[in-house]
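Dropping the structure in here first, questions after.
Note that the chains are named A, B, C and D in the order they appear, and that numbering of residues resets to 1 at the start of each chain.
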Amino acid sequence: MKPRFEAIAWRAMRYSGILLIPLAWFHVYLQDVIVGVHAIDINYVAVRLANTGWVVYNFLLLAFAFAHGMYGLRQVSFDFVRSERGRRNVSILLLVLWLVISLIGAIALIGGARPELITH
Amino acid sequence: MLVYLKIFRYNPEAGRSTPSFDTYNIEAQPTDRVLDLLEHVKGHVDGTLSFRRSCAHGVCGSDAMRINGRNMLACKVLVKDVGNEITVEPILGLPVLKDMIVDMEPFFDSYKAVMPYLVNDEVPADGKERLQSPEQRERFDDTTKCIMCAACTTSCPVYWADDQYVGPAAIVNAHRFIFDSRDQAGGERLKILSDHGGVFRCRTAFNCTEACPREIHVTQAIAEVKQAITG
Amino acid sequence: MASSASPLKTTATGYATYQGREGHYAFLLHRLTGLGVLLFLIIHILDTSTVYFYPELYEHAIALYRSTPFMLGEIGLVFAVIYHGVNGLRIAVTDLWMPKRWAIQTQRNAVRITLAISVLLWAPAALWMTYNMLLHNHGINLLPFIGTH
Amino acid sequence: MVQHHQHEVVIVGAGGAGLMAALYASRSADTAVLSKLYPTRSHTGAAQGGIGAALGNLEEDHADWHTFDTVKGSDYLGDQDAIEYMCTQAVPVVYELEHMGLPFSRNPDGTIAQRRFGGHTNNETKKPVMRSCYAADRTGHMILQTLYQQCIKNKVNFYDEFHVLDLLMRDGVVNGVVAVELATGDLHVFHAKSVVFATGGHGRVWEVTSNAYAYTGDGVAIAMRRGLPAQDLEFFQFHPTGIFKMGILITEGVRGEGGILVNDQGERFMERYAPTVKDLASRDVVSRSIFLEVKEGRGINGGRYVHLDMRPETVNKYAELDGRTGPDGKPLIVTGEQLLSKVPDIVDFARTYLGVDPIKELMPIQPTAHYAMGGIPTNFHTQVLADAKGAVVPGFFAAGEVACVSVHGANRLGTNSLLDLVVFGKEAGIKAAEYAKGADYKPLDEDPTAFTREQLDRLLAGKGGEKIVTIAEEMKMKMMDDVGVFRTAEGMHSAAEKMRELRSRYLNVSVDDHGRRFNTDLLNAWELGCLLDVALVTAVSAEARPESRGAHAREDFPQRDDANWLKHSLAWLDGDQVKLDYKPVTITKHQPMERVY
């Protein structure tokens, strides 16, 4: 049932957004402001990804932010793609992108950083 | 006061197939309506200038246009409200046919698509009125005021891009029946409005509410319909 | 023959020239920041994933992030995330729990407040990030009494 | 290019009357509705006050009382059989509107809300009765919307923005209309078995008017050009309080709440004209008083207007002087807020158009042309009449403001027009369909658009350089001055002469726009022709009536003259000449009496 989907997505957009305030803001404040890119390197990442708490946190962030963002992009693109067919294609494309990129992110999260592979 | 009036012109029949502007300097009273200025130009300067109008006091919905970049009724805005440099353009998002005249058919089609009429064939046995309490009546009072001027729909950024979107005016008119205690087709209307071109296209840009000359709380009405759908 | 400008052109004209009020600009900024953050997020997921798939590349990536243009972008990103969040909260809360507040004066004020809160939350972060950028990339220490980081 | 269509019933006009007719005709006959405006733009949408029907929801009321009030209001010129029919039908038809979905305001018990209105009384106590059924202050808007919605539901055939220019007849039988499609400029011939005219009024004849730009008397003029008469055109209602220059209506309610009229010297002049009821005298009396003040140089700054004062301090001061008291017996004291809540729309109009806050400042007002009591003569089955003997024109029907049944006689009561629309609109729909079912398509003339083309081509070819606006301005000013609220033989005579002059100058107008698409320039010019025809007939019919009755008020003949003039006028326009005839008023129960309130 397509219509049902739009309605659920509308609510999901709002709830996920609210959830993202603590999740995304804390992440951004911590990494970009408090720690800062100059203090971040692969070892820093490795330490963090060894901690289950941080992995779960990053999982949540990945799941919610990315789903929220991709659905938002779908809405934006529907403004410009008006045919039923075009919209189906866009939806499929975004769905695939979402799955693939999420998968890549998820594998990396579980696998953790592998600084030992650096050869120089 | 002297008004510097800039008017959008388009009339392929008369060789003006690229939209352009004509300018006029007009002596006007601060209390003149912008519609009066257009009438002045049409009557005294250039009879080919075309626009729709009828009631001249904001109740028939004929003359929504973009005045200084914002949708208004030309008959409900005075010179002193917009200053002495005035630019008049057709509303956005509907095909322009001639000068200020746009093709209203898509707009009325969207309106017709939401079942804008009462569905209920049961009448009291004594042939008298169906009862409705003042509170039930008040519930949908705001959205009964719509004059279908299209100022809202053509101010909506989503509608500019997506003509599949039914637009705020249609939703306002659906709202008027969805919340009427006498109506029996609320479910069907909600179903239509939960589809791709329905309420969930609205991004709460709020231009519609700002543009409505009847001061209808358009965005609120849309939100109420969204809530009715998502339960 | 009607003059039907393409929807893209109509939209561009509308976005750029329609004299909407607060809500119009809030919408545009929300959309812009949402898309901006999403773009960054995609890149970020992919580049961070290299710590597992191709760690060597991660070092290059981080080096790039440390450059001045990227750091400036990062300051913008922080604003985007903050503004999009505060404004999203305005929308979500009004939509879900108080649709009556979709009233003209209320929303004009709410949008202004949203923007004010965003700037307030962003300013300290932006200053701190600028300080760090100048310090690390240009050797300028604006706050010598704090010592080096 | 000429396009041809065939529909059993063709309805011209999509206001209250046209849409009601459409709903009924389309039930049994193939029906088309033509309108020069999108239906929802029709002027019915401007009506505020309400629709009269003796529902008796709040207090005792009877259709008989409504009938008598209407007869009396008409200054006994209304036809009593038609009035009785209308007032009796009022009750079921209002329920019917409710069933269609009209959102009437409600009483606490859930029934349709009703309020008092001028001239509507309890016949026993003579006190005002609550008879006007209303939907906030947007009753006309709601009627128009509801009827249009029902038409959509019932898939009525609309031809929107089709401007009708001619009525087709053959051997005295109506068989179609010619219209121009605004979007393309193409002419369309509509071959029909019956035609209903519901084109509204012609208030644009006068300079200051509450009427829409579209109110150009097309229906009456078209009929007259086809040799049919117009009835009672000398009776045109002026509402006393229109916004200065713009004419936008300010409801009587403002004075009902205690507002008063003042002249340049700050004097409450109504005391002189109507010592007992003062500012609440009937519409015609108040309009005449304002006119006299202005004429004697006591308009504000010597101008053409006076002030309407509804500031609380004024209202309270005169309430005390007049001895008006509240329910508790104490002098009436109102606050600005209370006034605002009673007439919100008026406050909005005053703020928007005058930049005046009526709670703190004075509103400049002047009488405004408002409603045509006269029009195309019909019987109460809406069949158009061809002569004083009552011969019907087969296949031709009219309803609404364009028609003269006559239920309003010399003066219409508030709320009775909306009622007229729905009652006779419905009747027209039923009768037109009935007629169509029993008739064949009468063959069209060989070249049905010839007369239309002749009119348009002449306008398009005009090189005389007369401007439409110049002629229109002169017509409006002259009619305002001399065939307005107050009339003299001399004035009306010079007005008729002036109209003849303008009609000959009209032959020299030239239009700027020679295109086809949305040539509103050409159509404005054509509409001006209609206005001039109606104006001439109005002036001549008025001059010919040496009495004062209802809205027709003469300085030189201040009395009503039932012995000689209790009759309807019928006017035929032939070139420059107006031929007049008269027919008796139908009187059933109520013999004429002096009209006092």
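Throughout what follows, a contact is a pair of C-beta atoms (placed from the backbone, for glycine too) under 8 Å apart; a residue touches a chain by one contact, two chains touch by 3 or more.
Source: prediction; values computed, not measured.
Novice: Remove chain B in your head; which chains still hang together?
Specialist: A, C | D
Novice: Approximately how many whole Å separate the CA-defined centres of chain A and chain C?
Specialist: 16
Novice: Measuring centre to centre with CA averages, how many angstrom lie between chain A and chain D?
Specialist: About 66 Å separates the centre of chain A from that of chain D.
Novice: Go ahead and note the Å separation of the Cα centroids belonging to chain C and chain D.
Specialist: The mean C-alpha positions of chain C and chain D differ by 60 Å.
Novice: Based only on mean CA positions, could you tell me how far chain B sits from chain C in angstrom?
Specialist: Chain centres of chain B and chain C, defined by C-alpha means, are spaced 33 Å apart.
Novice: Please list all residues of chain B that touch 2 or more other chains.
Specialist: 97, 161-163, 203, 226
Novice: Give me the residue numbers in chain D that touch at least two other chains, ranges are fine.
Specialist: none
Novice: If you look at chain A, which of its residues touch at least two other chains?
Specialist: Counting only residues that touch two or more other chains, chain A contributes 11, 79-80, 82.
Novice: Work through the pairs of chains, note which ones touch, and then classify the graph as line, ring, star, complete or other.
Specialist: Looks like something else, not a line, ring, star or complete graph.
Novice: Any idea which chain B residues touch chain A in the complex?
Specialist: Those residues of chain B that touch chain A are 158, 161-164, 191, 194-196, 198, 200-201, 203, 226, 229-230.
Novice: Per the contact definition, I'd like the list of chain C residues that touch chain B in the complex.
Specialist: Per the touch definition, chain C meets chain B at residues 1-4, 7-8, 10-11, 13-15, 17-24, 26-28, 30-31, 91, 94-96, 99-100, 102-104, 107.
Novice: Looking at the complex, which residues from chain B come into contact with chain D?
Specialist: Contact set of chain B toward chain D: 11, 13-14, 30-31, 33, 42-44, 46-48, 50-62, 76, 78, 80, 97-98, 101, 104, 108, 112, 115-120, 123, 127-134, 136-137, 140-141, 144-145, 147-148, 176-177, 180, 182-183.
Novice: For chain D, which residues are in contact with chain B within the complex?
Specialist: 37-38, 40-43, 45-46, 92, 95, 98-101, 103-112, 135-136, 138, 141-142, 145-146, 149-150, 152-153, 183, 212-214, 246, 248, 349, 352-355, 467-469, 511-513, 515-521
Novice: Chain A touches which residues of chain C in the complex?
Specialist: Residues of chain C touching chain A: 7-8, 11, 31, 34-35, 37-38, 41-42, 45-46, 48-56, 58-59, 62, 65-66, 70-71, 74, 77-78, 81-82, 85, 88-89, 91-92, 95-96, 125, 128-129, 132, 136, 149.
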